[in-house]
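Alright, structures below, take your time with them.
Two complexes come next, and they have one chain in common, chain A, joined by chain B in the first and chain C in the second.
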Partner chain A sequence: MEKFKLKVFRYDPTKDDKPYYQTYELPVEKGMTVLAALFKAKEEQDSSISFRYNCRAAICGSCAVRINGHATLACKVQVKHMLEKYNTDTLVIEPTGNIKPLKDLVYDMDWVIDKLKKIQPWFIPKEEPPADGKEYRQDPYDHHKIDFASDCILCNSCMSDCNALKANKDFLGPMVISKAYRFIADSRDGAKRERLETVLKDFNLEWCVRCMECTTRCPKEVQPYENIIRTRIIAAEEGFKSPGEIHAEIFEQDIYNRGLLNEMLLPMRQEGLLGAAKRAPFGIRMFFKGKVNIADFFGGHKVKRHDEVKKIMDKAKEVKKNIKIKLISDVHTPYEDKRKSKQGG
Partner chain B sequence: MALKYAFYTGCSAKGVAPELYDSTKLVAEKLGMELIELEAATCCGAGAVQEKDEFLSLTINARNLALAEELGLDMLTICNTCTLMLREAKFKLDNDPELKAAVNEVLKEAGLEYKGTIEVTHFLWEVIDAVGLDKIKSMVVRPLREFNIAPFYGCHIIRPPYLTGYEDPDNPSSIERLIEAIGGNPVDHDARLACCGFHSFWSAEDKVTLKLTAMDTQAAKKQQADFMVTPCPLCHTQLDAMQPEAEEKIGVNIGMPVLHLPQMIGLAIGLKPKELGLHKHVISTKAIIEKVA
Partner chain C sequence: MLSYDVLIVGAGGAGLMAALEASKAKDVKVGVLTKVYPTRSHTGAAQGGINAALANFDPSDSPEVHTFDTVKGSDYLGDQDAIEFMCYEAPKRIYELEHLGVPFSRLPDGRIAQRPFGGAGFPRTCYAADKTGHVILHTLYEQCLKNDVEFLNEWFVTELIIDNNEAKGVIAIDIRNGEVHAIKAKAIIFATGGYARVYWVRNTNAIGSTGDGMAICYRAGIPLKDMEFVQFHPTGLRSTGILVTEGARGEGGYLINNKGERFMARYAPQKMELGPRDLVARSIETEILEGRGWGEGMMAYVHLDLRHLGAKKIKERLPQIRQLCIDFEGVDPIEEPIPVRPTAHYSMGGIDVRDYKTSMTGVNGVFAVGECACVSVHGANRLGGNSLLDLVVFGKPAGAAAVEYARSKSADNFNLKAEEDRARREIEALLKKESKENINNIRMEMAQTMWDKVGIFREEKPMLEAIEKIKELKERYKLLAPGDSGKIFNTALINYIELGYLLDLAEAIAVTAVLRKESRGAHARRDYPSRDDENFLKHSLAYYTPEGPKVEYSEVKITKYQPQERTY
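So, the complex of A and B:
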């Protein structure tokens, strides 16, 4: 039978100065998951490897690890598929990222729990329970809004590969904001504003760099990135002012007034005169490199057929009031490629 | 087969990255790609409008897509975020007939209609699939043999796969294959698939953005790259024009030049650094210009 190498991150802080990797050679068995491979290595070759698991069926969220650099549930993916995906004979298994390893693949969960506590991840009812003694009810569209977000199994895969968290551990992170969204968007919840204030503290909600790792990683199609955007939309609707909100406003105005963004006047409008002064070295640098058009400092030109744009934007505000946009339901299937260059025509 | 596209420039190529606009036009012409510029197109919203008013952003992009439909051509972009925003709009409209009808009610106001008949594509993908790496190879007159080139994909051309779908977001290879085709040396580095930080600049410049910019450029430097190359002008602005701020933030001199994808191809197929706008970079490209001379 074909063999492969399972290269496992090893670290026991009570004994080791620093982490190291240990490689186990195993057969590529039919249907073998990465978790099963870890078990096989532990049972047959080295009983000291530590890792977390429970359900073995992608339900409990315990077994997230990094496989060749990307977080996923070890019990959800097959060895054979991973070897093919990375075109290799070696799977490198590491603990999830952005986190303190405790022993081997087992990581410290406290920091995640502490973050979760901040957003009060439980239902805070808006009203007294219904008089008929039944449960709090919700219309189907309202339920639809929180449907995907409710599927989170707190597996940490999204937190592991989040770029904003990589830069700053104080970012709440996709799992936590997505969980906050689940309650913020819940029509029965009474703590919407309080929750929004929590995620907007220091504009934390807007530290997200839109790298899309979280949605790409999530094994349960929770759409954490999309939930972050949905939270921002609700914050804007609720009248919260933030740099992101001002930024969006500038884009909207520029499209309305000229079509394209005026990047050179952006700093002043974003941060006022003081901000513009702070950015002056950048502007001057760009100017001397021949990167900016002097006309842009005076408003710049309009796109062709610009009259259409105004008409459309005015009308959109009106039509918007009568429509309920459905959430994306499939973030699982890769985009179907129908480009002409692929169709030979 | 004539390669003809509806060319969507985006704001950056018309604003802070004129060298991308110029080099794209020159290289496309050499490669036999005809670009019909959509001069009536607006900004894609860049994710900013999208996070305030989803419906508005969809109507704006439905109009942009309808402009390409008027020409009956696929829309070619040169910015990762434009690509993603336009594909996102298309994905949402094509999968929700009610939403599409509502958007078309709006477009009717300007005599337009969104049908869903064209695709949104990126320069990188067309260079590989439509022009072909063999043709590129045959056109190379100045192989970039002595250059170690660090690919920087930029998030929005690989993730999320339900909107990009061109290649595996965890193990892409298009830029490496292109670098090999022009005789260069692709170098593997930690930030290959990482984020430049651009999109949280105004909310978290110090807390997130500049830290990522510094990590990325340092990762390329650690592997002794001569320059980084990216298919996205937003990544370029962040990694090149904002690199001095990132250096200041961490107190380390990095000095990593960053090229736009068409600039790199252009050098290999015999275009001059000046025509390609290499002098318009913030981090000096002098060492590269001297080597190719």
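So, the complex of A and C:
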């Protein structure tokens, strides 16, 4: 029978100075998930391997690990598919990234729960329940806004592969902001502004570098990245002036008023005179490279047929009023399809 | 020494509901101990929904009809006063969950949506898409965080300490550092889930559903009730046992044996693949037993073939089932038939609860709720949508009752320290132990024995053989060692102790099953094919003895509904 190598990250802080890798050779069996392979290695070769597990059906969120560098639920992927995907005979199994490993594949979940607690991850009703004691009414559309976000199983796959979290451990991270979105977008919840203030603090929404790793890694199609963006949109709608929002507003005004961006005045409008002064050396260098149009200091020029740009934007604003947050309808593209399209492309 | 007024063991739906209720009392110290993180509990896997006669979909539904459906579904073995309590409480608990934030699916007018489920007279099942248990579990956990409930995550209970018929505390291992602790508690609520893992790979349950609380209470002298009743589902995936829902057959899937026959023609020529769950399960099992399946022993299976539906229909109508097969079985139903086999699903039996209003057992201060408890509201067979209901309806009053009980007790001088020292020495000895025996061999032999001889079909002789085999396995277990001497996250030690629990429970199931000489609900005997109300309209109670379970019986509470034949 065909064999493969399961190379497992090992670390016991009571015994080891630093982590090491141990390789177990196993048969490639049809139907064998990576979690099943870990169990096979544990039961037949080395009972000291520690990893978390419970439902083995992708709903409890225990078994997130990195397989060949990318986070996923060990129970939800086939050994065979992974070997094909990476075109290899070795699967390297490591604990989730960005979170401290405690032993082998087990990571520090408390660190994540402490982060979660910062956003008050619990329902705070807007009003007293109806007098008859029955349910709060919620429009099916409003329900749909939180439906996919409440699929989150707290598995930390998104946290593991988040590039912003890698750079800044204080960043709340995609799972936590996505969880905040689940409540912010709940039509029954009464703490929207408070929650927004929390996620806006320390530029948490803006720390997201939009790499979309979180959404790519999420095993439940929760769309953490989109939920961060949705939260930013809601914050803007609620009148919060974050740097990103101010930046976007200036863009919008410029395009509307001139049809193109005035990069000369942008820093001043965004950050004030003092802020802009800090960028002066950069501006001077740009000037000598011929990248700066002095006329822009005095308002600059408009694009040709600017009235048409205006018309388009007016129309877009009108249409936007009727657009609700866009939802992806096909949230269940089978993994196989994604894999094939990747190989083909 | 850690000390609580109320200690809850297990943090699934029932445990968290009890914790949430208990945490409202600010004068009482509440702790929740769980071997996984709360949101990893098996409650999260419940998909379908939770029953309550809200009459949102059909105004003629009522708690009374719900009561009758449940009594009938239980094959008249459920206690009717408890069932009535559950069904009348149901709407209140659903509204409470909604007020706590559970994102239920909605009707166009904004009320909670309801859908039809097996064995129910009306569309009564409230749901949140296909993740009802998941959202309830997460919402309850969130509310517990809000109430600042103290959690002992990744702790594992090994013993219940009782003195003079009164709860004193538990012995537990902190999985993170391997320390053995005695935890003092005036009131202890067990909410540790079911025992379907006695069938190991042939079951739908989480790997951790090893019946811990049941075995712990059983060993401490509390009887287990109606253990012979295990619900089986006809179609689980071959490798993992994960459920393939009825939807696949509903859309026109064929069940095929190794001769290429649609064998349901033999068993249900009219309904074919759409026959009732138990009939389909028995039919598949018969095909396998008579050699018309594929594979051997525990891994034998038949095919659920969807290919004739075509790629378009499968993608449109069954995308989740297709995804499930690709992820967990490595089979794309568009290209290949799905290997399926019957699989153990739910434990009707459990810790004997004496008072359904408080969920207290026969021991003062020891309570049991959820799948690990047997009230009994599910009797010989549980209806879909009633398990989540059981958790929230009985979890809440149990939390309140435990608080009341703890308030009534003053501190005592029971020497828990001595128990702690003894337990620590025992665990240390275990870690030093060495053995050539492999845990997986014993576990698979247990599962195979239970499946073949105390599974879907039951008969006296094989069951007696099973009891002997379990006894032999228990002897071999004594020689087994955990195989890892590490202190932190020693999951081999946990798996070792869990197997000990399962072996005790397997024995209780087999012994009570032999003694019940009738067929009722999920308990189907070939040698006694009909129900026998005269002799067996009663609950079995298995008491632990070192030689094996001692079985007694107790009355079934019948109030309004006299037993009738159960037909659908």
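Heads up, the rule we're going with is that the second predicted complex is superposed on the first by the 295 of 345 C-alpha atoms of A that agree within 3 Å, B and C clash if a C-alpha of one lies under 4 Å from a C-alpha of the other, contacts with A are read in each partner's own complex, and residues count from 1 in each chain.
One rule holds in what follows: contacts are C-beta pairs under 8 Å (C-beta built on N, C-alpha and C of every residue); 3 or more make two chains touch, one makes a residue touch a chain.
Here the structure is a predicted model, which means the values were calculated and not measured.
When both complexes are overlaid on chain A, the residue A:D170 reaches chain B alone and has no touch with chain C. When the two structures are aligned on the shared chain, A:K85 is found in touch with chain B, with no touch to chain C. In the superposed model, B is the one of chain B and chain C that contacts more residues of chain A.
Applying the stated contact rule after C-alpha superposition, one finds that A:G239 touches neither chain B nor chain C. Look at A:R305: by the touch rule set out above, it reaches chain B but stays clear of chain C.
Taken together, the two structures place residues 332, 334-336 of chain A in contact with chain B in one case and with chain C in the other. If you check the complex, the residues on chain B that touch chain A are 1, 3, 11-12, 14-19, 39-43, 45-56, 59-60, 63, 73-74, 87, 91-92, 95-96, 98-99, 102, 105-107, 109-112, 119, 121, 125-126, 129-130, 155-156, 159-166, 168-171, 194-195, 197-200, 202-204, 207-209, 211-212, 215, 241-242, 244-245, 279-282.
Across the complex, chain A is touched by residues 36-37, 39-42, 44-45, 54, 92, 94-95, 98-101, 103-112, 128-129, 131, 134-135, 138-139, 142-143, 145-146, 153, 176, 206-208, 237-240, 242, 319-320, 322-323, 326-332, 339, 438-440, 482-484, 486-492 of chain C.
Within the complex, the chain A residues that touch chain C are 12-15, 30-33, 36, 42-44, 47-48, 50-62, 75-78, 80-81, 102-104, 106, 109-110, 113, 116-117, 120-123, 125, 129, 133-140, 143, 146-147, 150-154, 183, 186, 188-189, 332, 334-336. Those residues of chain A lying in contact with chain B across their complex are 68-70, 85-87, 163-164, 166-168, 170-171, 202-203, 206-213, 215-216, 225, 229, 232-233, 236, 242-252, 254-255, 259-264, 270-271, 282, 285-286, 289-293, 296, 303-309, 311-317, 319-320, 322-323, 325-326, 328-342, 344-345.
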